[in-house]
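Below you'll find the structure I mean.
We just call them A, B, C and D in the order they show up, numbering each chain from 1.
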Amino acid sequence: MAENVPSILDQGLNLDALVDQRGLFWDRLVRVFVYAAAGVVAFVFLAMVWQLVRLGAGQLSWSFLTELPQNAGREGGIFSILISTLMILGVCLAASVPLGLASAVLLAQTQRQTLFAILVRRSLDVLAGVPSIVFGLFGNAFFCVYLKMGFSILSGGLTLACMALPILIRTMEMAIRSVPQEVHHASAALGMGPIRTWVTLILPAASGGLAAGLVLGIGRALAETAALIFTSGYVDRMPESVHDSGRALSVHIYDLAMNVPGGEANACATALVLLIILWLLNSLTHRLIGRWLGRRLIYT
Amino acid sequence: MNPITSQTTSVSSPSLPLTCMSNPAACILQPASMTVTDLSVFYGDHQALDKVSMEFSAGLVTALIGPSGCGKTSLLTCLNRLVQMVPTSRVTGQCFMDEFDVMSPTTDIISLRRQVGMIFQKPNPFALSISRNIELPLISQGIKRHRRHEIVEEVLRDVGLWDEVKDRLHRSALTLSGGQQQRLCIARALALKPRVLLMDEPCSALDPIAAGRVEELIRKLRSCYTLVVVTHNMAQAQRIADHVGVFWASDEGRGGQLIETGPCEQIFEQPRHKLTAAYVQGRQG
Amino acid sequence: MFNFFSTQNSLRPGMLVLGLMLFAGMILLTGCSEASSQQTTQVKLVLTGSSTVAPLVAEIGKRFESLHPEVRVNVQTGGSSRGVRDAREGLADIGMASRDLKPSEQDMQSFLIAHDGIGIILHKSNSVAALTRQQIIQIYTGKITNWKTFNGKDRSIVIVHKAEGHSTLELFLKYFKLKNTQVKPSVIIGDNEQGIKFVAGNPDALGYVSIGAAEYAEKHGTPLKLLPLEGVPATTAAVQQKRYPFGRPLNLITTNQPSEWAVRFIAFTQSTEVDDLVKDFHYVPIH
Amino acid sequence: MKQRQASRWKSQLGKLPLQISALLSGLIVILILGFLIQQAWPALSEVGVLRLFSDGTWNPTEQVGGASFGMTAMLLGTVFVAGGAILLAAPVGLAIGLFMRFYAPRWLASPYRHVIQLLAGIPSVVFGLWGAVVLVPLIGRYQPPGASLLAGILILGMMILPTVALLAETAIASVPAEYIRASVALGMTRTHIIGKVLLPNAMPGLMTAVVLQTGRAIGETMAVLMVCGNVVQFPGSVFDPVRTLTANIALQMGFALDLHRAALFGSGLILMSLVVVLVWIGHHIQAAQEGSHG
């Protein structure tokens, strides 16, 4: 996922000032390598996306989104898959957003490096690096077996919540910290209580960044496959409740690609749907971050 | 019954006159005097203020002057206990508002801060609309909407901003000019009907014309509020102050000390301390 | 809150997005909890186990549900041994196994629902028409590595083998009297479908899968072919006539005290009412 | 008096839920670790940690001759795939970063960056899909079976490349513009500035990017599972199939029982400790960087 947001504000450096010296061997070699790399990468990725479009675009239609999968997913649509995905996402957000926001508020408030804050930060760093399949193992052992939730949307959503938590907390803490200290002071000087200050001033001021963090978390959750196979399962039926097993979009792609002969077309079509969703979310993130930075500039 | 805690109810009472300024005789809440005794402020190991004792008389303007880094702002933030927002800060000594102990751990600081307003060096309106900026603290006091709208108009008239902004009350406060923003911040503080108003170099970030208007406003506020103004501008201090306190950083690294205090004319015309004389004249000449 | 939005719309798009998302999340959750409260009146049958049996039972389950709307049949794959284990430990109401019960599993009871066999599959374009038992052993142990040996193309043989834990693998090793460590595979696959898919996509591949699954795929246009084994064609018909040497039963497994609905479901599965479904999947009905 | 105490109480109470949430968030790692150890315990105690590495093969369900739990081949497979991917992605990613910052014509730089950002958001399963549908048959045409170490390296390299490129660009962009202006004023050529001024200054950032993405490559499951062939062996060439630890878990978790299942959790533990080490290294690089820059 696009965890990083590269410099949105260019430093105003005049890049044309950097030039190669004509005829110098090294300059030429490096230039050739850089251009070749850029060209090859662009070509390979465009080829990849084009092939997905070529294989999958024919299947895409409104009915693809609104019909239930038939014949192991070779035919029909992905409606139940979309609903399962949404439910998994809903469980994931319902668990991770309150927890993440509260943790972010606390971490952003601790100006001094207390042992508690250091420990929480460090363990979140590790959590961010844990492979998704390990989350799958943990989710299976903890939610499915130990807590007896079985293969269910609930288990999958909660496992994803653990995964999305570090990225949520990190971006949300950044967003909250970016609200200038003067707002806290002004509010305190006006005799406003801490809760009201946070609810009416700090969190709204940070809302752009908070939403961006939320969207990043959603993106990560949507892209996840390995952690879901052993927690939410791969039943492609319409889930009736969060206690049912449900197949997420990414798991559907995997299953069609690996386990269903003749499933490639629908796999590619599903992948296109997933990509479109993710790219919409991505551009939403950039808008939000851009706006948020823009507003910060008014402050400072 | 402690007036610090009873404040909330009296402000929200509808019988309260809209403003002091239009009719000073109608002030229910008299400006309060504040006294500090042996006040020292530490930030971690660093001492910022050393055993300051002085009085801020009710209804008068006290100016605090002195070079940068001698603890004037620290003193100011003790008066409404904003100083405790710095996590490493530590305050010793006493501070009273009339006869009530500001530093006592049982003081309701929310109520205290509503009675002791503060204006910052840099205008700091919230990134909200103009009217919302004034209303927000009122909402937390539970004042009804129509009453809030009345207060918004009153205080904006008091600071002379009403005619400039009455057509765009719902536009962002950040669209105002620096001087307008500062007057909005003053209006926001006045809306709480404070008894004391602290001002930390309120004009230093403004252009001369805007600064002039704020200064004029300060003179207007005199007698309705107890005003404590930190300023680097000698001429301004002379124009607005009744009393002046001169601060100087001590040599032993023990933070700022109060070296002289007295009526405005005395400080500027017959300074007793030689540092005061040098500082006042140096800046004047 | 409402007031806040009404005056601040233009200033706080992020807040709006946040609010909308949380709102949507809450709606979803309340919807879910409502659905789950209705759920309590229902009977839920959980079946786990063999990936060969699972697709068939899932279809039977759908038909069973339409006859008994109060029942919901949930089918999860996980291998035969897991099916037996889950049924024994009560994690599943019924286990599915594509083999007989082992001596260590005699505390459970099995119910035959269909017959199947394991067939050797090649890509359709492969010119090799038959392999003897010995040749297959030689290929799988890495002694023969090129199709040339059988007058095929000069291409190395891509040996498709199953992952550890599948009963298809256990039966394969048992039938050819091999140890797993002797096998020199080129690719390891999980489910039947994955094997069929791989062989269909690779002209040099050789693999073994459930005959039913292979026939089903072949009929639906997947480019593969089943090799005869010991002279008997690997067809459903041969399995039915018990001529095919490498057959296996498909079983449902329960404890000795199955629940009432489990008994009814098993009875339904064994009845003639589902023979058409069994045939659709190219397995052999028990009747 | 009562009112004042009540308000203090309230502010204390306000902080408590926050602390509990932060504690919970921090405890998840401990919980995961605890559960991995608990689940892996049968394997650790009965089989022993040593045998996880010393057993030659991975045959946890073999009836005849006893089961064996050797993970060395798979660990090596993980290292080969991840190492190859990072060796591929690091130089190319750096080149892309340089391209976006210093080489691309003005009209191209921004759209190109946008495309790379979009690519960074493609889920691994989509890369795996493309690898399984297009790349594996392509390799198979020349060197069967196609599903191989090479396919894994290529797919994984492609997967981490966009993020490496974006992180590299950020690291390069964080070099103060004055350095570059000064170098330009001294008449240095572009390659010189890049090699002698930019890269040394951006090195900590680049190293952090490489370390973090190595962690991601090690942990990647789906793409690798779909293109690597999953045969447990020491690969003789890049065309041989391999199985990684992550693919092993994904392949067998569904039906593993008893010791087999415990051994899979054991491999999860190994993966997790690899990641902890990488995070630790990444922190040290960052700390060193912050230390040197004040």
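We adopt the following convention: contacts are C-beta pairs under 8 Å (C-beta built on N, C-alpha and C of every residue); 3 or more make two chains touch, one makes a residue touch a chain.
The structure presented is a predicted model; accordingly, all values stated were derived computationally and were not measured.
Trainee: Tell me the chain pair with the top count of C-beta pairs in contact.
Mentor: A-D
Trainee: What is the identifier of the chain with the smallest separation between its Cα mean and the overall Cα mean?
Mentor: A
Trainee: With chain centres defined as mean CA positions, report which chain is farthest from chain B.
Mentor: C
Trainee: As a quick test, compute the distance in whole Å between the mean CA positions of chain A and chain C.
Mentor: Averaging C-alpha atoms per chain gives centres 32 Å apart.
Trainee: How many Å are there between the centre of chain A and the centre of chain B, using C-alpha atoms for each centre?
Mentor: 47
Trainee: If you average the Cα atoms of chain B and of chain C to get two centres, how far apart are those centres in Å?
Mentor: 77
Trainee: Which residues does chain D have that touch at least 2 chains other than itself?
Mentor: Expected reply: 254.
Trainee: Can you tell me which residues of chain B touch two or more of the remaining chains?
Mentor: 110, 127, in rising order.
Trainee: Tell me, which residues of chain A touch at least two other chains?
Mentor: Only 193, 200, 258 qualify.
Trainee: Touching chain B in the complex: which residues of chain A?
Mentor: Chain A residues touching chain B: 111-112, 182-193, 196, 200-201, 205, 295, 298-299.
Trainee: Given the complex with chain A, which residues does chain C contribute to the contact?
Mentor: Spelled out, the residues of chain C in touch with chain A are 4, 8, 12-15, 17-18, 21-22, 24-26, 28-29, 32-33, 35-36, 38-39, 46, 55, 72, 74-76, 91, 190-191, 193-194, 196-197, 200, 217, 220-222.
Trainee: Can you list the residues on chain D that touch chain A in the complex?
Mentor: Going by the criterion above, the answer is residues 11, 14-15, 17-32, 35-36, 38-39, 91-92, 95-96, 98-99, 101-104, 106, 112-113, 115, 117-126, 128-130, 132-134, 158, 161, 163, 165-167, 169-170, 173, 177, 180-181, 184, 189-191, 193-194, 212, 215, 218-222, 226, 246, 249-250, 253-254, 264-265, 268, 271-272, 275-276, 278-279, 283.
Trainee: Which part of chain B faces chain A closely enough to touch in the complex?
Mentor: The contact residues of chain B facing chain A are 80, 82, 85, 87-88, 110-115, 117-118, 120, 122, 124-127, 136-137, 139-140, 174, 185, 188-189, 192.
Trainee: Quick check on the complex: what are the chain C residues that touch chain D?
Mentor: 77-82, 85, 155-156, 158, 161, 163-166, 170, 179-181, 185-190, 198, 201-202, 204-205
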